[in-house]
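Working notes, structure below.
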């Protein structure tokens, strides 16, 4: 019995791969970002604007002048801090979507120090604000952590719903008892004193909060890589079963990590209040807590990458503000942010699979038996 | 103070307030039943709202607007389906991307729509005879068309999920896709189908907000309702008939808070506004405990991407 | 001269990252025969049959069904060709009923489910092949043997003519195995081709007509059962003569290391999993736990290692109370644990060798230094273990998921043994390993036994239990039926205990 067929075929096969190559981990995010801008261009075009013109305005606004770069850096500060916050929770597969709310509560707590603790000696004000900001954010991070640790309640939804609560909480005070009596009835608190202000650097609007952000990035890096606790976080995030097997206390770590995560976001709130707004106001963040998720994911949870990516996204946020001058809404940049995350997620398929082009000429002859 | 009038007003509003959440939750139940978690409901609702509003203005017809909202919701859901089912991306992050994109995109498109008065909207229709029933008639049968459709949708979906062959297939994909695949069921096709249908439902929910409930377009007008729908699915133990209870319960709390503000109850408005969110958190905690105690769980393969060659 | 050839697979090749699972394999099956596909773990048997059932597609090679060349691109096409498979891990939807599982996905069922018609059809098949199933029962409530019957009925319901069973006897008592073989005989008599994937020589010699041996991904030979014997098959399977087993030295037992008194606990679903367990293990002895999987073995290991709550009774290690101790306290008490799920629980695949090695002692000096991990010492420790136990890896700082199964097992063992344990809990330690690796594991355990370690050894292979144990405890339905010294019992007795019968009862055996 023999058969013979000659077939030539070219096919694409997806082959699983065990670890992604280094080239892929760098090239894919870059291509993803480019594709996202292309997709954004399509939407911009459909609403009647010229994409190239729009992107030029964004680029110029963000990086085209000294003022622009300093604005970008200013935005990069809270983005770095919230990016760090989100990344450390993600390390343990804890989906902290509440960074936005934790930022607000941190800002509120820090503002309390600035506004209602006049007896505090000058040099202690900022450190106390930092502490309160951290504790406030940590508390807000513990709120979803406790049901998660004790009852296994999904922290994604609870942390997110608390965002809305946090913003309402701040509004309650700013529109109410904390409103500046000399402020013409605007919903703003009284301005902070000099002792409660982060000083500016080199005549720009960039404030010393940038040092806080950079120092914390280094601290978090070492925490994860070198300490016992960092090791535990990584093991739990990779395999809860192995962590329990190894005797690690998962519940305790859920509480600690979400508290730390919330605390970092709370510091972002303090830094915004003390460095940028110099008062507490109803809107303390244009959604940094959500952008942080994209930053963390793009950076693969690496603290130093987070610093770099935060700078780039700071530019994106500033770009979004710039396009208002030609009539586009500020949400343009949010739209592009969402697109970037889509393409990055899509691009990750290349980490898991290799594409093989298979060319097969099948000649088949059978005879006899084995 | 006529409390019975207040009660009727609140309950009537409860149904209307709960309806968009109901639609979104029903859609998400279908998607999660096949094993795919879609946290992008908020984004899909906003996209549905803005597109339906825009098309309704341009055509003067809310039904065509509704259709546009449905298509838009389904289209955005298709992106999530592609990422999660075909490319096996992380479902939580993909859903968040969907929310961020949907929020940004709807704000982007909707800028020119802010402040434009509502076009033809879905008006309340009183059903003859039924609406004359004392108490219940006013609450249930003086609503708009989309609410009535939702009344029918719930038993329909329940029957579909639990009593038909197609529903059996859908549930098998969500419980054990390996078993379904080995029997020749097309896991990918089923997941795509129901995730997209889920998006269509979220689009309806958004269209309802823009064309019936508000009716207007405002940035971020969903205000977290998409997330409440996600929580509701857990509370409903993935069962359409329980989703109704949760949706109207939530609607009731929201409506009550609003009414209390309106009649000047001496409680800060901001805290009343927090109520729906806090209530949802409480419900979520309670529901999680219940599912654990009764051991009715989420669909067995929820959030797990399926790869036939996984060894 | 091939007569009634139902299946013909020629020159099948299939590669996965890092391994060639099937290398130019040839295989045929005829109508009316029971054909055993024999080979040790990792030889490529499951892969070959997964290709036949459309789960994988071959990289090269051709398949013919009933003489026609076919491409089997999906399980759907395999079913349409009359190929049905009962996998080692069942493909059943647990919350559904038996009937729902059997008709799932079948086109002819229509829009609504006609319960009565379906139940009648199931009953007909059930009677014809003596496969007792209860259509209305929910699958998660069934025993493993019952679930297997459901899987077989599921295939027959779809008109399968080629039936493949993957390691079907792993989950059965000796009596249930006999019943299964009866069913298979009957199916062959009806003209079907029955293919059994197995690595158990006894069963092959009992039930098969023809045998194809695979080794290292290659097909070695196809023989008729009547023309061969166990020794020859072993040689084909393993490629060499097996070392004659060295008799293990008689046990020199020391003090009681582990003591369980009246221990009860619940399963994940809330039902009683362990009932009044009484057990003692002394230093230097191996107690083998025999029993069909699912009778409480997993829970037994978990209560001892602190991973499951005890609802009654007490556990003592070296006479100190460790009832409901945390896993960490158990680790500090020098208990080593080889879990059933080695890669999912005992190791972290994405972390590197070094980080896996310190998994249990990272809290102690010298690996830890107050808050920090001393990388230098950790690397030293890892390097030493890798050398001593001959673990092959791509590098101690590369993720361990790159390592082969056998080397992963070695790494796991190396880490557990290096902690100088007083007690070792080993759960199915050789599952999925090839013969050389199995020998190595046995050697390590026996060496530990000689140095005075107490060992709890849970296995599903009766031959292995008899080889390794000093005493055998048989578990059934969460209780220990009996504990006997290995020289005072035999396979038949243990088999009956596994099935739940007490030894002094009369047991009818129909043959």
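Think of it as A, B and C in the order they're written, each chain with its own count starting at 1.
Note that in this section a contact is a pair of C-beta atoms (placed from the backbone, for glycine too) under 8 Å apart; a residue touches a chain by one contact, two chains touch by 3 or more.
The model shown is predicted, which means the values in this text are computed figures rather than measured ones.
Student: Of all chains present, which has the mean Cα position farthest from that of chain A?
Tutor: Most distant chain from chain A: C.
Student: Would you mind checking which pair of chains has the most C-beta pairs in contact?
Tutor: A-B
Student: Taking each chain's centre as the mean of its CA atoms, how far is chain A from chain B in angstrom?
Tutor: Their C-alpha centroids are separated by 27 Å.
Student: Per the centroid of Cα atoms for each chain, what is the distance between chain B and chain C, given in Å?
Tutor: A distance of 45 Å separates the two centres.
Student: Give the residues of chain A touching no fewer than two other chains, as numbers and ranges.
Tutor: 16
Student: At least two partner chains per residue is the criterion; list those residues in chain C.
Tutor: If we look for residues of chain C contacting two or more partner chains, we find 16.
Student: Going through chain B residue by residue, note those that touch at least 2 other chains and give them in order.
Tutor: Residue numbers touching two or more other chains: 309.
Student: Please output the residues of chain B touching chain A within their complex, sorted ascending.
Tutor: Residues in contact with chain A: 39, 43, 79, 82-83, 87-90, 92-94, 96-111, 219, 223-224, 227-228, 230-231, 234, 268, 270-271, 273-274, 277-278, 280-281, 284-285, 288-289, 292, 309.
Student: For chain A, which residues count as touching chain B in their complex?
Tutor: Result: residues 16, 43, 47, 95, 97, 147, 151-154, 156-158, 160-162, 164-165, 168-169, 171-172, 175-176, 290-291, 293-294, 297, 328-339, 341-342, 345-346, 348-349, 352 of chain A touch chain B.
Student: Give the list of chain B residues in touch with chain C in this complex.
Tutor: 163-166, 168-169, 171-172, 175-176, 178-186, 295, 300, 308-309, 311
Student: Looking at the complex, which residues from chain C come into contact with chain B?
Tutor: Listed in rising order, the residues of chain C that touch chain B are 16, 53, 55-56, 74-77, 79-80, 85, 87, 90-96, 100-101, 104-106, 109-113, 269-270.
Student: Sort out for me which residues of chain A touch chain C in the complex.
Tutor: Interface residues on chain A, with respect to chain C: 3, 15-19, 226-229, 231, 234-235, 238-239, 241-242, 244-249, 360, 364, 366, 369-370.
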